[in-house]
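In the two complexes that follow, chain A is the common piece, with chain B as its partner first and chain C second.
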Partner chain A sequence: MKSTKFWQTIFIGLVLCSIVVPAFSASVNQTNEDFIAETFANQVPKSKVVWMKDDLRPAIANILGHEYAGLRIRYWQQEQRTAWILDEIGKESPITFGVIITMGKVEQVKVLAYRESRGGEIQQRAFSRQYADAELSEQKLDRHIDGISGATLSVRAMTSVVTLALYLTKFINQTE
Partner chain B sequence: MTPFRKTGLALSLMVAASASHAAPPTNEEIWALLQQVQQQLSDVQQQNKQLKVENQTLKVKVDQTEQTANSAHETAEAVAEATESAVKSASTSKTTIGGYGELHYNNLEGQNGAKDKDEIDFHRFVLFFGHEFNDNLRLFSEFELEHALAGNGDDKPGEVELEQAYFQYDLNDQHRVSAGVFLTPVGIINETHEPNTFYGVERNNVEKNIIPTTWWEGGAMLSGELPQGFSYDAAVTSGLKVKSSNYAIRGGRQKVAEADAKDFAYTGRLKWTAIPGIELATSLNYQEDITQGLDATAGSAMMWETHAVINKGAFGLKALYATWDLDGTGPADIGADEQTGWYIEPSYKVNDQVGLFSRYSLWDNQASNSTDSEYTQWDIGVNWWIDPQVVVKVDYQDQSAPTGSEKEQDGFNVGVGYQF
Partner chain C sequence: MNRRMRSLHRSMGAAIALFVMLLSITGILLNHSSDLKLDKHYLTWPWLLSHYGVGDVKADAVFLLEQSVISQFGTEIFVNAKPVTNAQRPLLGGVVLDEVIVLATDDVLILLTADGEFIERMGAAAGVPPMIQNIGLFHGAPVIQTREGMWRSDFMLDKWELTSLQGVGWSLPSPMPESIRNELVKYFHGEGVTAEHVLLDVHNGRILGSIGVWLLDLVGILLTVLSLTGIWMWLRRIR
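Here is the complex of A and B:
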């Protein structure tokens, strides 16, 4: 009995000690600025905006499954590469994604900040690698993404955002 | 043509040419012509002056238009920024509300003395409240009403429960600590049990009777991500307090309601999700004293659980095994020193909205004695997701009770559930 109490105390002590460990930033994996700087090897192009005008709004609402709550979307473009930073709610909180589109295909999608209480597995590289080289197919992603149990909504958010980035890149390249 | 004719033609042409050639102009004629030209020149100069003035006016106007356009552009930018930040602060509230609920219709026939079950029941109505204090600290809670009506009396079969209420603090990007009432990190549906996340109207009997889902305790937990796709949870919490009549695990949940905490419980889980679509996990739970010291013939207990969840394309598979090992002569005497169960559940998504499943379950709360106390069950059914968060479920169950009692319930269930 006495030894059990001893180990009990040790366990609780260890847990408390770990609280003292200095806490850095929140669950922010990379700041938006760092993502853009890394994407363009520190030669960051001037950002531009896409205005949510008439015919663009319904197309975007169709992709996201809801209206886009904003007037314009910012992007960075250099030659064939376009970078987007988009927020989308998983279950309760917004997840910040960074998406790079190159020649109409997904080069990379990264979770920049994750705030949900569950489903953090989408941050793993093996998961986001499923989106590599994905293309647009009739306003949808050209492939099925294997989900994670307990994270269906986070996966949906990532898929919507990647599809949106592909669609917007196509849109801006057409209208230029 | 003869040479004569040619010359004649040439001569007549020369005469015609010289005839059109007027006589050299007189001085008056030249003067008049000059004056005409001068007038024309003067007119052109006048027009030129006028054009210059108009041009200047146009230039000024163009400049003004450009300025107006620039200023309009700046205004639009300012309006956009202001609107966006207003929308953002309105929509990203730090407090979130969510919930889930399920209505069940059970049509089960009791065999060999078991009761029939013909019921419509709003099995669970749950509200989630969450709040973000800052980027590192959040609160999450789950408040539940079971069976619609709670209180004293047989006509009030319900329960009001606090299933979760914990703070979560991020130590850094990979590790976090939670404190409060939270779900024990074991099993497949213990933590993820919203109706649209599993097949079958009722929760499966293996997790229900062995784990025992839904199982929550009060205490502290350290969780985090490790390299190579591993993640862990380590918790120290309040423990179970089973009844000495049968030492059945499910009856031992104290639900943190003035829970007897003479003896604690420790849980550890390791999960692997490196391959998308695959989750493998294993948990160990150690109970210091399964009756919180009330029964001297019982002592500590240990649970081992392991499971796999696989989702590849349209195919799905869930498999789980859980076993309890209880110390002491009390449980051993009635064979409850081993309580075990497992199930396997293959499923197939016909399309995005419809999924079919089948499940074979086996569980035994008195596994170690020779008396047959083993239950098995076959389930087959369909889930129809009207929306990813709203589901209609139908399933058929065929139970097999232990030989001897054979009391079982077979029939079908229909359920409607939502999550938001």
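Here is the complex of A and C:
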């Protein structure tokens, strides 16, 4: 009798998990506008765009490992701080990242929306802290980022996006 | 006893004759499917495609914008029959603005070139009012209706002012043009069903689903019984 109850509990638990897990699989941690408002303390500068011109496109493809799906990328800049909101596919779905670059270094990276079913550990601050103060070194990060077992593709996506944000910031600062 | 057996043998033979012929013909054809190129011959009869569940595609939203047909299937956005980008929210409408296609969901504007190349997604962070309900044009200028009111902008789409206008040409959903539907069917379901696939399904009964499989099982049992009754009668005659 006890055994039956035990299995009943396990079964109900599994059913509930199957309902709850997909519900958490598309989580918005912060809206894009809230991220920008928070970054610039509600004094949001006018957004600008960088166009994917011929010379920029191959460099970005090299960083991401694939062509960037878009003709322009929007950013917000105030003095030495630049904020980027970039999407990158983890395994199957786009992850939205917010990256702040200050004086050519990563100030903060945040997962704004996570839509993958696995690998959500990259949303933890303890993980994203690894990117703090990272700089660009020959189109790569100047440091090693420790991976997370089971979240390899999400970690790769975050590293690519942070590298891209550093590269784009350098690019716009050089061209302005 | 012998007469009864012969009668049973004849009845069973007549009952399964058609199935035996069907099995024999489809079996011979399947044996030579490569030579006959049956694996490369696609059948596109509508009733057959429909039977295989690949006959139609149903878009969640369709909008006709000048020369382009915009459709949404789940989170995927298509221009004509080409996938161009994704949208997490349902498509509400679209307009063409200076050769740029502007699509609206409730939280972003999706910008595409006239050829369908993705340009950018603009949301509230880029100055677009949230909670969009529809998009339209007023004398060439983009207008969006949100829960908070009507907003008007210019081709840059990054500055919006509250307005109240009459005569806005709002974007309206359209039926899917047949030619694009056919292309989308090809995109989602391929060229059709191969003749080899259909023959194999006829041969093993799966063309009729699980009933067909049971029917073929029954034919198999009857064939076995037919063989046994035939052998029994032959042995009786020898004795």
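The working rule: the second predicted complex is superposed on the first by the 151 of 176 C-alpha atoms of A that agree within 3 Å, B and C clash if a C-alpha of one lies under 4 Å from a C-alpha of the other, contacts with A are read in each partner's own complex, and residues count from 1 in each chain.
One rule holds in what follows: a residue touches a chain if its C-beta (ideal position, glycine included) is under 8 Å from a C-beta of that chain, and two chains touch if they have at least 3 such contacts.
Since the model is a prediction, treat every value here as computed from it, not as a measurement.
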Q.
Of the two partners chain B and chain C, which one touches more residues belonging to chain A?
A. B
Q.
Going by the contact rule set out at the top, does A:85 touch chain B (first), chain C (second), both, or neither?
A. second
(Q) With both complexes overlaid on chain A, does A:152 touch chain B (first), chain C (second), both or neither? (A) first
Q: May I ask you to decide whether A:31 touches chain B, chain C, both, or neither, giving the answer as first, second, both or neither?
A: second
Q: Mind working out whether A:120 is in touch with chain B, chain C, both or neither, as first, second, both or neither?
A: first
Q.
Contacts for A:72 in the overlay, against chain B (first) and chain C (second): which applies, first, second, both or neither?
A. both
Q: Pick one for A:130: touches chain B only (first), chain C only (second), both, or neither.
A: first
Q.
With both complexes superposed on chain A, which partner does A:94 reach: first (chain B), second (chain C), both or neither?
A. both
Q.
Going by the contact rule set out at the top, does A:167 touch chain B (first), chain C (second), both, or neither?
A. neither
Q: For chain A, give the residues common to its interface with chain B and its interface with chain C.
A: 26, 69-72, 94, 115
Q: Can you check the complex and tell me which residues of chain A touch chain B?
A: 4, 8, 11-12, 15, 18-19, 21, 23-29, 69-72, 91-94, 115, 117-118, 120-121, 123-124, 126-127, 130, 144-150, 152-153, 156
Q.
Quick check: in the complex, which residue numbers of chain C touch chain A?
A. 85-86, 88, 113, 117-127, 130, 158
Q | Interface residues, chain B side, partner chain A - complex | A | 79-80, 83-84, 87-88, 91-92, 96, 98, 128, 130, 132, 134-136, 138, 140, 168-173, 175-177, 188, 191-192, 197, 220, 222, 225, 229, 231, 234, 236, 264, 266, 273-277, 279, 288, 309, 311-313, 388
Q.
Taking the touch rule as given, give the residues of chain A at its contact with chain C in the complex, in rising order.
A. 26, 31-33, 35-36, 44, 46-47, 49, 69-74, 76, 85, 87, 94, 115
